[in-house]
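The same chain A turns up in both complexes below, where it pairs with chain B and then with chain C.
What follows is the complex of A and B.
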């Protein structure tokens, strides 16, 4: 091979193994799922190939599915909001800590990311479940139990616990680039600590808040383990509904249609959000 | 000036408590001698740890998850390293597309990946095979491997390579003796993250697992949705101990902030 030809073709054969893996194991499966969502299902005959929009029509016209998608979206919004309100000050505090407390705090806050979500959710069941530690304790001293399992509040609290490290990570990454002199300047001009935080720090970390929100929102709306374990069958979200359609009722085409709607919804949010960020920051930098 | 006030420290302490409490109670409850969820105060017992050993299912699942994570992370690394070299060093048609493709599993909900894999594996009759599961896991851990490898390739000083070539080393020797050792830390970091991601993964695995090939998180999940006996606590406690060991090693070697946040200390 001549050097020029080598240079021109090298990137292609270097990325070939990954490309083949993704073409076969990601692209083909996704296209097959898209096609599956247009098939129909019959309890006696099973899955029938064909092309029809009726699975989508079923989802769009049924209040049952409206409620599921609205709950999924609501969880996303509420969890994102709480992650901002708690995560931003926490990232700020973390950034001002010194060794060794900083390292210890860091292990406690982002270490859980490396522990299975199933384990973390189980922790909430053991802590707050009907026969969990808090409620048995309350019962022993004659107080009423706090409902947590099978409540939306329970799902939201556990989801915040799972998602908040992502917000802290994104905000913290931006905080490290913020010049501490800006804070000192504000303080020396007489600004109080809360004023410094809200008027000087927060505006500078908005890019981190925006990217953290996007991660938290998209992971919350596609979360499975936590809504399945804590929310159960009564508080279904999109992902647990898809699970039931695939593994319990075996209505694969309907499940595939719900999955495609969820995928498109999340993609739309991601693209719209990025567009928004670009536009906002274009204005800022003009 | 740049110190946390008392209010900030109270907030911080409460937040750490919120993060730690659910994990701490799992470990605490796992030492109960009783047959139901209870926090032991005077009687501690390893009963539920012995129970793990007696129920072969969890042990079998543990080895499966370990093997699966090892194979998937390795396969992913083998595909990611050359791709990272191509993306970092060449300006070619389709470069942006390839990068977006390799990172796309981060944007696709796991449940969608799960059913897509299930659909595909059913169609070509490889459901319930170990190799099928390895291929699926290799796809969704790819972003983690690629990001860290890419970062180390981009951050690498190319003078060393040029020196090797000018001294007469062949392309292969240059890669093996110069490039490879320099990007090794990034590759190892990416491999470890991929390993952990695969080992912990539930949502994709729940669809592609079969009764004879049930990964540890899936077995735990199935157990929790049926009953909550203290065995789920002892299994989870073992997972917490192992994860904690890995977390502390990573913190020593790389720094968690550098590995997960991407900042320099």
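What follows is the complex of A and C.
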């Protein structure tokens, strides 16, 4: 192989292993799911191959599924919002910390990512469950219990806890590229501390907020363990519904249709979001 | 009494003393430079005046008013940062408007003042650009406009030219000096560039180890350096032993020397380098007192070649006795 040819082709065959992995692990299952969503299901005959839109029609026309999808996206929006409100100041504080403390805090933030979501969610159950630590304590001192398990508030709080590291990390990554002198410049021009933060720091980390929001939103809307454990059967979201369709009622085609709709919904949000970023900020942050 | 007064100013970081017993009086409208190598405390001093650092001891007053207790947002000081520190998310006009907005100035007056500032720094037509779309020189003009538009009591310049190329730097220096004089704004420049300090300042304060070692008009300091450090940091200097006192040295500026035929002059030596700078020739001559530098104005071709033996002569009046070893 000549050096020139080698240079030209190297990127392709070097990326081949990655491509094969994605093709086998992602593309094939996706196509199979897509096909499955057009099949039909019969309780006596099982799954029937064929092509029909009736699974989609069932989902689109049924209020039961509307509620589930609305809840899924509502969780996504609320969790993303809270992650921004909590995560951005936290990233800012983290960035201002001195040498040893910054690393310690960063480990404290990233550390939980190393623990399974199931374990972290069960931690909330132990702490906030009906017979958990907090509620038992409250009962002992004669106060009312705080409902947490099987409430939307509970699911959202636990999801924020799971998702917030992603927001902090993406905002922090952008913050490191922000010239700290811009804060001094703003102060010297007469800006108070809150004004420095909201008019100079936040606008500069918007790319980080937007990419963090993308991660948090898509992970929240497709989250399974937390809504399943804390929300239970009563507060179903799209992914727990898919699970039930596949494993409990065994209506695989319907489950596949829900999965495809969820995927398309998340993709629509992500693409729309990206458009917004590009239109608004391409000029400023190239 | 000075307009800006720094009195017994000190700043310690733990056990490290960045600035120690620093005293400086600056008159209204004066342009003063703090000149020194990195780590000499000049930037620390500037940051204390700006309010980004709190002095460990000492006073900073403007027209008798103590600044130390006032937060930087209320000091009314314009600063041009080394990195320019422009707001990347705002256009040129919005960058300049920022300080005026913070002061609650009406939109109408704001646009008039922005237009005037843009006029002063010659940035007409760039109002709607973002900083990323500007060259380094243009960014610096925006930084300057943003600092002067608020009509600050004092203008602080933190190594403002260090990111510009040589040609642009010279142009900007001339322009900056002109703007400063037109506005009559009291200015403190922090720099490690002796040429910049000399070109711009009414007075230069040479700093070393957190203190001012010499202060005066550029010509005055250049001609009469008090120490070896000043004589070598500000311009080049040949150091000769002082025949009167063993431990002391004499400074002789290279441009005050003349090359003469071998056998004549006060010292003999062999030319080890001959470099052409356009306006002058630089000769390096190996003598009994070490390597000496000699500048000759470019009045013709080189007077001596490498390896040639020459004499060096000078007027006794140009010798400067330095205080101490340092």
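Everything below uses one rule, namely that the second predicted complex is superposed on the first by the 257 of 286 C-alpha atoms of A that agree within 3 Å, B and C clash if a C-alpha of one lies under 4 Å from a C-alpha of the other, contacts with A are read in each partner's own complex, and residues count from 1 in each chain.
The rule is short, and it goes like this: contacts are C-beta pairs under 8 Å (C-beta built on N, C-alpha and C of every residue); 3 or more make two chains touch, one makes a residue touch a chain.
Quick caveat: nothing in here was measured; it's all calculated off a predicted structure.
Trainee: Following superposition onto chain A, is the placement of chain B relative to chain C best described as a clash or a fit?
Mentor: Overlaying the two structures gives chain B and chain C room side by side.
Trainee: In the superposed arrangement, does A:187 touch chain B (first), chain C (second), both or neither?
Mentor: Both partners.
Trainee: Go through the superposed model and pick first if A:243 touches only chain B, second if only chain C, both, or neither.
Mentor: first
Trainee: In the superposed arrangement, which partner chain does A:50 touch: chain B (first), chain C (second), both, or neither?
Mentor: neither
Trainee: After superposition on the shared chain, which partner residues are touched by A:195: those of chain B (first), chain C (second), both, or neither?
Mentor: A:195: touches chain C, not chain B.
Trainee: Applying the touch criterion given at the start, work out whether A:270 contacts chain B, chain C, both or neither, answering first, second, both or neither.
Mentor: So A:270 only meets chain B here.
Trainee: When the two structures are overlaid on chain A, which partner does A:147 contact: first (chain B), second (chain C), both, or neither?
Mentor: Touch partners of A:147: none, neither chain B nor chain C.
Trainee: On the combined arrangement from the superposition, state the nearest Cα-Cα distance between chain B and chain C in Å.
Mentor: Result, nearest C-alpha distance in the overlay: 5 Å.
Trainee: In the superposed view, which residues of chain A touch chain B and also chain C?
Mentor: Common interface on chain A, chain B vs chain C: 184, 187.
Trainee: Which residues of chain C touch chain A in the complex?
Mentor: Touch list, chain C to chain A: 50-52, 71-79, 81-83, 85-90, 98-99, 102-103, 130, 132, 146, 150.
Trainee: In the complex formed with chain A, which residues of chain B make contact?
Mentor: Residues 1-5, 8-9, 11-12, 15-16, 18-23, 25-26, 29, 36-39, 75, 78-80, 82-83, 85-87, 89-90, 92, 95, 98, 101-102, 104-105, 107-113, 115-120, 123, 135-136, 138-139, 142, 196, 199-200, 202-203, 206-207, 217, 220-221, 224-225, 228, 232-233, 236, 239-240, 243-244, 246-248, 250-251, 256-257, 260-263 of chain B touch chain A in their complex.
Trainee: Going by the contact rule at the top, pick out the chain A residues touching chain B in the complex.
Mentor: Touch residues, chain A against chain B: 7-8, 10-12, 14-15, 17-19, 21-22, 25-26, 28-30, 32-33, 36, 86, 89-90, 93-94, 96-97, 103, 105-127, 129, 131-133, 136, 158, 161, 164, 169, 172-173, 176, 180, 183-184, 187, 193, 218, 221-222, 224-225, 228-229, 238-239, 242-243, 246-247, 252, 255-256, 259-260, 262-263, 266-267, 270.
Trainee: Taking the complex as given, what residues does chain A use to touch chain C?
Mentor: Contact set of chain A toward chain C: 179, 181-182, 184-192, 195, 199-200, 203-204, 206, 283-286.
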